[in-house]
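Structures are listed in the sections that come next.
Look for subunit A in each of the two complexes below; its partner is subunit B in the first and subunit C in the second.
Coming up: the complex of A and B.
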């Protein structure tokens, strides 16, 4: 896979410069980590939307299941934190298995069915209190360990973990997109029936995309629980884990890989720093308005819009 | 025990009345526009909060909120329609995201205006007991069940006898053919949104009169309405009625026999069962699968 020089420079800056320059300011670092968590879900959501052609309103289910699986495995079975994080992703995939019958449904049915599914897991987490701690939640979930002299539980350490996760996700996304599967998926986007006629098992491909997306979201959920060390159903399955990523992905452009990440950082920071101060309790109203405006004026997101603008500039020069 | 079950059946049927109104609105709009309005539950919620305002501010019965709620909800419904009609491409999926956004706006507007507190009616008349033989209920439950039955009767008459009602059905079944017959699909779409708004306004006032409301409730209502349309299979009014009654009864039975926390779960359970066993719903025509 080719990697551009600017790409390498950005990665270098992210690994070295950001911790060096901002690492001492824990407020800024916590904002960045939170934005990257949203970015991770947004990327997973966009992967499902772009490659699988599915709009999901239920990603909070994957996020929450990943968090619970990882937290319970570390607390009750003594699994090491980093391994449990991956198992959290596997747990989210297992949860997505329950959604398979819905995959055969057309557009709006899928979106609403997955919305309904998300509710199921929240109720399960609340009611199955012997395992999940019920609505009181789980306190003192194990933190990240110290690895090779780096304290991963610190703000900077957690930042490095989530950064690595996002880079792996991006690489995986690119790999899928350029593989045979990616071609078939793109063809499916044009006409699912035609693709099936030439022998592509479209339901299987969609299922694979759902698994990948669920896995990513679950791992991010698991990362988050070890990062904040606390978990309760209302938080783990909060609608916020759906709303913010959708707004971020649509804002940045869900058909691109970097769009959702850029969107997440922009939307999250502006929301936290500006709107939350202006309207403390209903600041999501602005997010809803942004979503509506984006769908009407530029459903492809801001990134394509900017690119179009710069292309025009180049053409003029 | 059997008395408890009978009572649960009765309460479930009464609850099913407003569920049916909400689900019919969702199904009507889906019929004409092939768009699921994810903000539909929030429209219902808006009507419920109007009822709350009329009662708490002016000390009037929630019934008096109906005219205000009708106007407000219909205006909002038409606004949603115009926003959807502005979508240029890929309307099926983009309209979902758009109406999801409208839902967020409405939920947070409700939160800002009325705060996050749980509200319920304080009208003694509404909460008075009404006993029919072995069955017990609140007066408001029976009142609004009758109202919703009347509305559904009216809707049935409107869809089968009136010009616009027939136009709505024509556009639902074949848009192009309806156009050729001189029906303007845009007008029909607006009409379907307005009718959905009317049904939502009544359902909202009903829900406030016998239950509790809070800002996050709208979302749950949309999900319930969707579950009912899946149970029913889209395009069948009797189907929606039966689906709504089924959901109401299933919820009431769960509350009686198990716990109220599981109330939401039973709807999902029904939903999954129908998807597995009868993917086109209990009464629907084929064509939901891709």
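Coming up: the complex of A and C.
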């Protein structure tokens, strides 16, 4: 996989410059981590939307299940935190198995059915109180460990973990997209019958994308629970874990790989640092207006807009 | 190779294909003709797996295909084209063939893809965007190319010549004749043009209102008064 010089520079800046310059400001670091959590879900959501052609309103289920599985495994079975996070992703994949029947549905029917599934998991987390702690939730969820002298439970440490997760997700997304499976998935968007008659098992490919997307979201959910150290059903399965990522992905450009991340960081940071100060209550209204403007003026989102801008600059130079 | 036994397809109260029994041998070219609405495309859809038959059997290489999912039928050797070309959107011509070959045969052989591109006169268009940058003749050629890339034993060609101008039709006819020789496939072709069918096919089957009303050599079938009556709509042949 080729990596551009700009890409390497951005990675270097993210790993070295951000912690050096902003590491001491825990407020800004916590905003960045929160934006990256939204970005991670947005990326996973966009992968399902872009490659699988499915619009999901149920990603909060994967986020919540990942969080609960990881928290329970660390608290009740003594599984190390980093391993439990991966198992949280696996738990989300297991939850997505229950959603397989809805893959036969298309468009709004799929979106609504998967939203209903998300509620089932929330009810499960509330009612199965012997394991999940019920509506009171779980407190004192284990924090990240110290690894090679770096305290991963600090703001900067947590930032490095979520940054690494996102980079792995981006690499996985790129690999899938450029594989034959990725090409077939792109082909399926507007011509599913045409791809099926040449031998593409469209249901299986969509299921695989659902698994990958659920895994990523589950891992992010697990990361979040060890980052904030508590969990309760209303928070873990909150609709915000899917609406904010959708806004971010569409704002940034859900058909691109980096769009959802750029969208999440832009939307979340601008909202928290600018609009929240200007309009303390109801500042999300501005986000709604921004999203509408983006859809009208650049339906592909921020990334295609930036690319168009840089091409124009090159052409003028 | 392909044998249909009393195949029926019903949509609610409408019987689109009514107890049709028909066979296509390996390397045989069979024409499927009949007026519009006779059930020809529905029969193709049933064989390729896009619609579920209401009754009867579909045997391919002696295997019962009734429960075989659509994508597996392609792997078993049934390739088809659509009357209205359905290129895979968002992909180039070459990518269309890569998907067809990878999923239709399980592996990608770039030499074979180049061969198919050359055979269907699409080499120059290989990197073009399939859905937006091809003319109708090229889209029809891409339909055939995709099917060929799956390495089929049987090709179901649905009106591949329809809508082409005379020169394009002549070139396409030549290609279809060569195709049968070069790729050693059996062909079941839906076509309205009697001359084309007579030139190309060993046998011709006629559907009318979903029923098979004739099956034989083109010479014999096109002399059958009942066939000509259904075909031309004339009250007397």
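By definition in this document, the second predicted complex is superposed on the first by the 284 of 317 C-alpha atoms of A that agree within 3 Å, B and C clash if a C-alpha of one lies under 4 Å from a C-alpha of the other, contacts with A are read in each partner's own complex, and residues count from 1 in each chain.
Everything below uses one rule, namely that contacts are C-beta pairs under 8 Å (C-beta built on N, C-alpha and C of every residue); 3 or more make two chains touch, one makes a residue touch a chain.
Computed from a prediction, not measured in an experiment: that's the story for all the values here.
> According to the contact criterion defined above, which of subunit B and subunit C contacts more residues of subunit A?
B
> Scan A:113 for contacts with subunit B and subunit C and give back first, second, both or neither.
After superposing on A, A:113 lies in contact with subunit B but is clear of subunit C.
> Please work out whether A:57 is in contact with subunit B alone, subunit C alone, both, or neither, and reply first, second, both or neither.
Touch partner of A:57: subunit B, not subunit C.
> With both complexes overlaid on chain A, does A:191 touch subunit B (first), subunit C (second), both or neither?
Once the two structures are laid over each other on A, A:191 reaches subunit C alone.
> Output check: A:296 vs subunit B and subunit C. Expected answer is one of first, second, both, neither. What do you get?
In the superposition, A:296 touches subunit B alone.
> Quick check on my understanding: which residues of subunit A belong to both its subunit B contact set and its subunit C contact set?
none
> Within the complex, which stretch of subunit B touches subunit A?
Spelled out, the residues of subunit B in touch with subunit A are 30, 35-36, 38, 83, 86-90, 92-94, 96-98, 100-109, 111-112, 115-116, 216, 219-220, 223, 226-227, 230, 261-262, 264-265, 267-268, 271-272, 275-276, 279, 288-290.
> Quick one: in the complex, what on subunit A touches subunit C?
Residues 180, 183-184, 186-191, 193-202 of subunit A touch subunit C in their complex.
> With touch defined as at the start, can you tell me which subunit A residues reach subunit B in the complex?
53, 55, 57, 101-102, 104-109, 111-113, 115-117, 119-120, 123-124, 126-127, 192, 239, 243, 246-247, 250, 279, 281-285, 287-292, 295-296, 299
> Enumerate the contact residues on subunit C facing subunit A in the complex.
Residues 48-50, 69-72, 74-75, 79-80, 82, 86-91, 95-96, 98-100, 102-105, 108, 131, 146-147, 149-150 of subunit C touch subunit A in their complex.
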